[in-house]
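Structures given as structure tokens follow.
Each of the next two complexes has chain A plus one more chain, namely chain B in the first and chain C in the second.
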Partner chain A sequence: MTLLDFARGPALQWSLIILVAGIVWRVLGAILLSTRKDLSTPRRKSGLKDGMGTIASRSLPASAFEKRIRFQHITGYAWHLALFVTVLFFGPHILFFESILGFGWPNLPNGVVLFAGAIALAILIALLIRRATNPVQKLISNADDYISVIIVMLPLLTGIIAFAHIGARYETLLAIHLLSIEAMFIWFPFGKLMHTAMTFPSRFQAGTSFGRRGIKA
Partner chain B sequence: MNTPSQAFTEFQVSLAQLGQNTATDDWSDDQRMERARHTFMSRLDRRAAVDMDTCIHCGMCAEACHFYVATQEERFTPAYKIDPLRRFYRREVSPMRLFNRLFTRKLDADDLREWSELVFEACTGCGRCDMMCPMGINISDNINIMREGLAAAGLVPGELRELQDEQREKNTLFGVGADELRSVASKLAEQGTQLPLDKVSADVLLLTTAVEIRLFPEAIAACAKIMQKSGADWTISTEAFEASNLGLISGDKASRRSAISRIADKAKSCGASTVVVPESGHAYQALRWESANELGEALPFEVLAISEYVARALKDGKLSLKPASDLGSVTYHDPCRLSRQGGVFAEPREVLQVMGLDVRETDSNRRENLCCGGGCGEYAISRSARIRQQAFDLKRHELDDTQADAVVTGCNNCRINLMIGAEKSGWDMPVISLVETVAGNLAE
Partner chain C sequence: MRKDQNLGEYLRAQGVSRRGFLKFCSATASLMALPPSAVAQVAEALASARRPSVIWLSFQECTGCTESLTRSHAPTVESLIFDAISLDYHHTLQAAAGEGAENARMAAMEENDGEYLLVVDGSIPTGNPGFSTIAGISNLDMLKETARGAAAVIAVGTCAAFGGIPQAFPNPTGAVSVSDIITDKPIINVSGCPPIPVVITGVLAHFLTFGTIPDLDPLGRPTAFFGQTIHDRCYRRPFYERGEFAHTFDDEGARKGWCLYELGCKGPTSYNACATLKWNEGTSFPIGSGHGCLGCSEPGFWDHGSFYKPISAGLWGPRETLLGAAAAGAALGIGSAMAARARKNKALKEAEADSS
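Up next, the complex of A and B:
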């Protein structure tokens, strides 16, 4: 079995199993905990609308606070956008998804995707430097904060190297790229990459609990 | 000009003396940890677990905290203030706890001591960070859990501990009890305002606070005039007049519950359909949003802030106001626990507008309003005086920028803190009470 066979075969399977099982385990572990029913009389009925409203509103600029958090907001938006472009609109990625899903979609020119990948990587490097130097972030950071950023940087880095065919045979570079993604899958449920799944219930519950008190969260 | 009255000066002397003779618990570190652990375990429910699992340590919450913004001290970052709870969750509750234990340091009694300062002295529980968090984490709820754990471990600052114990054991605060209320009632009667104390049955149970009795008897008179004018069948109880709830602030469950029970029992026994909370943000939170949960049952009466009562009476035609002649423009300071955490935003503004006032908003307002810096009992803690004054300066600049004639607020705590800040810095914007402004402009 070549390294590429391993990366495409058992490594991919097992990392996906760990990813899915881990996410389910961690989400259920939190969601299934009991919570007391709020017995106070609500100011108004709250529910889906408040929850979904907060899911949406916390992605928008934060009015009075915005000027103080502009850097994080802009880098946050740019990073996620660049990541989605890189993952979803690179031709070979779409072929890979097509082999699993049975359908594909139009790709963006390689130059655009490469640019997005480079931007995503540059932002992560900037955020990592900020985390290590900004007094607030430095103080509140733990190992997970650094590991999670680095483990997301690796697929971007190995992807760019594979695209540019630098340093080794393409098959080897591709295998390394796949393995870096699989390492990220394995780490995902253990660290803060889980915010991908947890952000929505968290925002939703903020929306409903403030909503019943008549506060738009 | 905010000239300090003699009563205000005496009150500040009382504040300075707080905490000198506070009871302490003779517990070992292990006992303290065990008590905190028990509380954390019982309070880390689904809501808190989702919060704990969602934080990405972005640090944006720091920018919402008046103490961080004013001082730039990173320890005041809200996410850091709840870090021990998160560590506890990761090691003891999380579905990944076995893995997390390899990387997460165990909580110890020294951590609890250190965080007692951060959670009590450097946090007013204002909840502004709740509105900023991009993940929707309810940080102030988790601060409350921290306070409860610290209270269980006997690590509440002496000032709050003394007040909390006094309220629970003697049913007084700052030495103010039934006798002092009677004395104020007779003084107000001499001035023509009657307080119908201890009626056997009444439709409205009006509360007041020790702080009003000592410092702002005009606010009590104002509430009384509003009650009379609106034609309410009302009473004040000498046994259960105190709206403040020190247990809510300190995190002590027994104190919180006893203060709530006293009022709920009185409201039930006199058949009140409405309990009216005076100008006190945390008292509103305790009674409006916490009381049913604390007592484990829906309550047979409605809880209204006095501003809600006035707005409703105006709407129902039971009360009418004339234009305020001595004021032109005002800015309204939203008390955190009344507005951002309580939902009372519109009513105070409506009432001010009915009096023809030009209501000017501060740069941050309503759900994003800056805390006065000393809310929710914080002004009683002497060790936090420095950062409180720095936070007050932030608030003061926003208030000054409105160029309003006065700042109106609906909370005694905010009022006191703004007055203390004004006295220390020579600030001269008048700080006035909403209810007193209303009572001064009741139409015949």
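Up next, the complex of A and C:
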């Protein structure tokens, strides 16, 4: 079995099994956690509106902090947007998803995707350097932060290298790219990458909880 | 060609002009990535070359490789050069059979000991000597015996080079490649199913010119012909870059000649010269005819999943395995939540007991 066959076959299969089982485990585990019954009288009947409102309001910087977090805010949005374009609109990526999901969607030209990938990688490198050098960020960062950033950075880096055919034969570069993605799949449920699945449900939950207490959030 | 004739005399006798011969030498030098200054050396060496003895052994094969080489559009300078080697044994082509044929092989081996070229097409079965025999001699024994006095071995076709289709899962005959058996001789792998005719003549021309084997890639193939991927040299590459793909064999993209990546083309991982040398006198090649590359020059090409599955798609079991994974995750999630609740209730009870 070649390295590429391994990356496309058993490595992909097992990493996906760990990814799916891990995500379902963590999401369901969080949903089913018991909450103490709130005996107070609700200020108002909270629900969908409060939940969705908080999802929207937390997507914008609070005006009080706007100046201080502008860098993270802009880079955060730019990074996620660039990542989505790279991951979701490169033709070969769509074929990869199609082999898993059973359906595909239209792709963008390679040049656009390559540009987005380079932007995403550059931002991630900048954010990693900032995390490692900014005294406050350094203090509040743990191993999970560094592992999560690096494990997302590797598929971007190996993807660009594979695209450009630099340093090794294409099949080797493609295999390394796939293996780096599979490493991310395996890490995904156990680290901060789980924010992908948890961010919006937790904002929604906070919104309904605050709404019940009459807090505007 | 008479034994005392050199190649130059033979080609002149066949009506090949000096100009035509030099044109071939230039093309050969260019194909082999030699500098322009080497053209004269190629011409001089080829013109004065005496016909080398070549023994051709065919094992587990379909004769496609021989068909490819002998049916290259004739008469070309390449085919004349191919005629000009002393093909002393080729059981598919020779008139002699049985003992007479084997005697010819033994005589050629004896007369040219240490100097003859051994060409092999087909893989070698190791499971049972009786799977493939010639004149009662197993392929394995014949290869070992004939390779002993060879100057070099040329493994023609993917079966001889890498095991090919006979080696495909579950490999019922225990098929192996030439290089799995012969380890003490220079081996040139000219892979392909079949290989391009001019590649074999190019390798022969290199051997006749320099007396050495050409630069080889990590899989033992001449880098001049196998140094780049089909994808890198494909005329449809600009469509790949623009993200314009044929989705089916008869859609608008297919009619417009867009990239065949989505239809499973293995060009990005296949090293061969089809996109530049092409087939049938440079007429076309599979991608030019609207079908993706099968990657036939690569080891194990038959076992890399469907020919019609894109390279970036996974090669794994049914999607149901993910449903199983989700079910396992759900069980784990419910279990861990229940355990957390139990711990919480226990703590609450202990706290109530302490306070009372």
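The working rule: the second predicted complex is superposed on the first by the 211 of 217 C-alpha atoms of A that agree within 3 Å, B and C clash if a C-alpha of one lies under 4 Å from a C-alpha of the other, contacts with A are read in each partner's own complex, and residues count from 1 in each chain.
Here, contacts are C-beta pairs under 8 Å (C-beta built on N, C-alpha and C of every residue); 3 or more make two chains touch, one makes a residue touch a chain.
The shown structure was predicted, so the numbers you read here are calculated from the model rather than taken from an experiment.
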Message: Contacts for A:Ala164 in the overlay, against chain B (first) and chain C (second): which applies, first, second, both or neither?
response: neither
- request: Check the residue A:Gly91 against both partner chains and state whether it touches chain B (first), chain C (second), both, or neither.
  value: second
Message: Between chain B and chain C, which one contacts more residues of chain A in the superposed model?
response: B
Task: For A:Asn107, decide between first (touching chain B), second (touching chain C), both and neither.
output: second
Message: Taking the superposition on A as described, I'd like to know which of chain B and chain C A:Leu33 touches: first, second, both or neither.
response: both
- prompt: A:Ser99 contacts which: chain B (first), chain C (second), both, neither?
  reply: second
Query: Touching A:Leu139, do we find chain B (first), chain C (second), both, or neither?
result: first
Task: Tell me which partner A:Leu16 touches in the superposition: chain B (first), chain C (second), both or neither.
output: second
Message: Just to be sure I read the superposition right, which of the two partners does A:Ile125 touch: chain B = first, chain C = second, or both, or neither?
response: neither
Message: After the superposition on A, what does A:Trp25 contact: first (chain B), second (chain C), both or neither?
response: both
Task: Could you list which residues of chain A make contact with chain B in one structure and with chain C in the other?
output: 25-26, 28-29, 31-34
Statement: Touching chain A in the complex, chain C uses residues 218, 229, 231-232, 240-243, 245, 261-262, 268-269, 299-300, 303-305, 309-317, 319, 321-322, 324-326, 328-330, 332-334, 336-338, 340-341, 344
Statement: Per the touch rule above, chain A residues touching chain B in the complex are 25-26, 28-36, 38-41, 43, 54-55, 58-59, 62-65, 68-69, 72, 76, 134-145, 189-190, 192, 194-195, 198-199, 201-207, 209-210, 213-217
- prompt: Which of the residues in chain B end up touching chain A in this complex?
  reply: 44-47, 49-60, 62-64, 68-69, 72, 74-75, 77, 79-80, 83, 93-96, 99, 103-104, 130-138, 288-293, 296-298, 302, 340-343, 345, 363-365, 367-368
Message: Taking the touch rule as given, give the residues of chain A at its contact with chain C in the complex, in rising order.
response: 2, 4-5, 8-10, 12-13, 16-29, 31-34, 91-93, 95-96, 98-100, 102, 107-111, 113, 165, 169-171, 174
